[in-house]
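Presented sequentially are two complexes of chain A, the first with chain B as partner and the second with chain C.
Presenting the complex of A and B:
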């Protein structure tokens, strides 16, 4: 065996430690991203022997074809409802639970667990439960509405309603997640800031909120917004379980369209273009929120 | 305590409890339906509790479809993924945190860039690649796409970088190789990060529907969420009791795990927020 200098031994060690994961990242993440971008300019179909370059035609279809447009618009509506609703509700719940933890720690812990339960649950299984809850005749939701003298709804088959039904389920599964993030942010606020606010005369609870809590939660809020946006942009499980994008594409979303076009209709090229649009949206959202909010956020 | 303060507390608690009750409705309804006889499920009268407990729903759930098989598949896939994720992530994270080499900055940049890519993006090329290798419809197809976890690499790097330099130096003086230090010193010392990551990874893959829907069509390879859909579609939604029993069984491992180890679970999830 030849002797290696310590320098080349060091290089071999670095290679041995880094090569497997690096190779994995390249083969499983970065190369596929490149391939998706390339395929998005083709009419490639799974199983076909050849393909044609068709330039931007796939992208034109997404933004001009009514079905393609629907997926984009529906996804944006879904995010636009779930993001603010789940963040505001989560903040209110977190403030309440944080407050209650000072005088009833046991109960506060139980409440926290209850709100978090949907996050730990299996969404597909819970979606089948929502299907039962929202059943037009046998579901307790419509039965409760009827008992109150209100008309029952076709929650999952009314074209005008179905997307908003999905946003309710989306909020239900997101609030607990965001609450936990806000609770961590609240726990990190040093108590002496409240004492200082007290001395300055800000002693009503809403004054304390606006002068101390809200500014100190800035970084947390930014983080929650980014996480919620990227999570809700990916909405797929509830669509696939409850509606298959229907009726008449009224609840179609980007990731579901990507799945259907690619893996049900085998249009790999078109599916790739939808994928690229999805990725660009996620990137824009993440980067834009960091830029916009970075200037306003109060960092310690 | 003033009367006003007491009133405020009571109101806060009342609203919080009401909200929690609404959040829990689907769980209560799932368990209630899973224990009801069919006649009661389709009765137009609303009842929360079953008049008699119908355990046969649970028996049917295991006999009408191979539910035990779905659960076993879930365990195999989740632990297979976790094993390879750790195997790849720990050495790279260690090198990024502790060692000094030329391409370190570039590699760390790759990890950060990878955090921005949702895994749905790679589906079409990975499907093509796995088809080329004749691996579709195998456990490998369910495991391989996830083995390079940039989130795991990032998380472990942060932990390893915070380890005291003396600890590493002492191990080097003792003659341990770098690989041994990564696995026998750094890895156990990052245990909180490891458990948090393990919980995050297992939950994510136990619950995933997107990739199993694409990668396997063989029913015997279905993971729990895929299995629930087989169940529902085969029974055309008519056998509600057993379907809800199956949903309860599939939820049980993670929900029980969460209730028993709440702090760890919540840690795992808050950390996972880093992944875009």
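Presenting the complex of A and C:
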């Protein structure tokens, strides 16, 4: 038996350590994605014995069929509202909670828990609560509007309104998660930078924010943006539990359409094409954010 | 002139500073010297306005500055960690204090600042000031780099530039050299002294390094356990330390503290050859002799067996055990022969330059050792 050099022994150790995880990724992620990509070019129906190659027809359907278009546009609108709104709100809440933690730590801890509750709780259970809140006649939301002399709304059954109702619930769900990330970012800002800002005359809260807080939160903000983007592209539970994509596909989204086509109608080929579109969207969004922002938030 | 009157600072139950009173003359170089955790940085932050005393008052040129923010006190500060804004270039860092003072909110606003004529004029003026400072500190070629692209010494200069660029009442420096390597520290020490001369402003310098404080300052404030131990010029600090702990803290070499019995003016061995110039109460006294003040001499008064020899090139440290049981360490110069362990070494010292302390309180005793008069004592036996 020949003795291996320390270099090749090192390589073997590296392989031995990384192989299980790599193998898992290949078997559980990359291979299925490849299968999905292949299926997206077929008319395969789940359970069928054969399929035809139909090229890009599935993709053409998504972008030309009114229902497919609806899902794409709805998803983009949802992301466009939830992303900025939940990030800005989360930042404001985090700044408030961070500030409050200095002079009343108990209240700050209670607020933090309250905002994080939607993240920790089961969304499906929470959706029931929302359904009750938004009930057209019995719901407290409409009751309150009526008390103020405003007309009540059909929050979940008005075609023009339902998507925006879902975005509000989406923001409510995401703020707590983003707040926790921002709080961690805020806690990591070295305090001597605030001292320097005080000395340099940037001592009012607005100036402190622009001189120290906001630039130092840059890496956190980038991370929050990427996470929020992928989370909002994935919107599914609230659609499935509250609206089923209705009324008349007014609240249909990509992932819900993917589920409906694949698991209700068993159109595996079409569902795979939607999945690929979804993956490409998320990939483009994430890459764009990294490309554009990374050099600006990591100060090298 | 900066005056501190009876400053105390408590953090919960712990007292960081107690009853600190101090006068810092305008244009002077004052060091706050003490071991880490003694409260010197807290004192500096209180002077800066970054922290507030629990009690006591601070006066700048006779005016109480209690309610003035750090910016309104118009002091400049160099932080131990430099505290440069990582997202700005060196130019941006140095210009920030100028922009904050000369421009209003509108003129600093990102896009408007390019459009408003007044903002553009001020930006040009500020930039000239930045380049003047950069030239003074020899960092012109670094102006467009980010702090992460700078070495420790370069960051240090940029931080000094940010402090220098406006005309502050005082410069506060919080251990600015402690993150630099030894060689650079020496060079920067000289540069800071030069800066003090050229700017002619008040410098307040916090350090735990007695060599820095001694070599740079007009006035050294020794702080220990939150209390001011002594305020003096470096030379007086070395020659007349107010307490045993100050004596031990100041100076490059260790100090020998020997507790000896005393009866009015008469001292027990190994000090039979000297007496006190005035009688003191108490039964024991601590005699402090700096190890660099002990010299080998054939007729030296202190003789002991050498227990340890540390040869350091330019000097040699020796430790001896005296027959009286005391240990003594001495610094021998390059010219002296390097002794061997186990030998007997005789050392002489100038009795007048020894310091006397109360063994209980550690405070200086105002008495001196003098050679015993030949008439009052028998001639020393030769051995």
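The working rule: the second predicted complex is superposed on the first by the 273 of 300 C-alpha atoms of A that agree within 3 Å, B and C clash if a C-alpha of one lies under 4 Å from a C-alpha of the other, contacts with A are read in each partner's own complex, and residues count from 1 in each chain.
Definition applied: contacts are C-beta pairs under 8 Å (C-beta built on N, C-alpha and C of every residue); 3 or more make two chains touch, one makes a residue touch a chain.
Since this is a predicted model, take the numbers as computed values, not measurements.
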| item | value |
| --- | --- |
| Clash-or-fit label for the pair chain B, chain C on chain A | fit |
| Which of chain B and chain C A:115 touches, first, second, both or neither | first |
| First, second, both or neither for A:245, with chain B first and chain C second | neither |
| Partner chain in contact with A:212 - chain B first, chain C second, else both or neither | second |
| Contacts of A:170 with chain B and chain C, given as first, second, both or neither | neither |
| Most chain A residues touched (candidates chain B, chain C) | B |
| Which superposed partner A:68 touches (first chain B, second chain C, both, neither) | neither |
| First, second, both or neither for A:203, with chain B first and chain C second | second |
| Contacts of A:268 with chain B and chain C, given as first, second, both or neither | first |
| Chain B versus chain C - smallest C-alpha distance in the overlay, whole Å | 10 |
| Complex interface listing, chain A residues touching chain C | 190, 192-193, 195-196, 198-203, 207, 211-212, 215-216, 218, 299-300 |
| Contact footprint of chain B on chain A as seen in their complex | 10-11, 13-14, 16-18, 20-22, 24-25, 27-33, 35-36, 39, 46, 89, 93, 96-97, 99-100, 103-104, 107, 109, 111-126, 128-133, 137-138, 140, 143, 172, 175-177, 180-181, 184, 205, 223, 226-227, 230, 233-234, 236-237, 240-241, 255, 258-259, 262-263, 268, 271-272, 275, 278-279, 282-283, 286 |
| Footprint of chain A on chain B - complex, ascending | 8-9, 12-13, 15-17, 19-20, 23-27, 29-30, 33, 41-42, 44, 46, 87-89, 91-92, 94-96, 99, 101, 107, 110-111, 113-114, 116-118, 120-129, 131, 144-148, 150, 153, 177-179, 182, 203, 206-207, 209-210, 213-214, 224-225, 228-229, 232, 237, 240, 243-244, 246-248, 250-251, 254-255, 257-259, 262, 265-266, 269-270, 273, 276 |
| Residue ranges of chain C in contact with chain A within the complex | 45, 48-50, 69-71, 75-77, 79, 81, 83-88, 96-97, 100-101, 146-149, 162 |
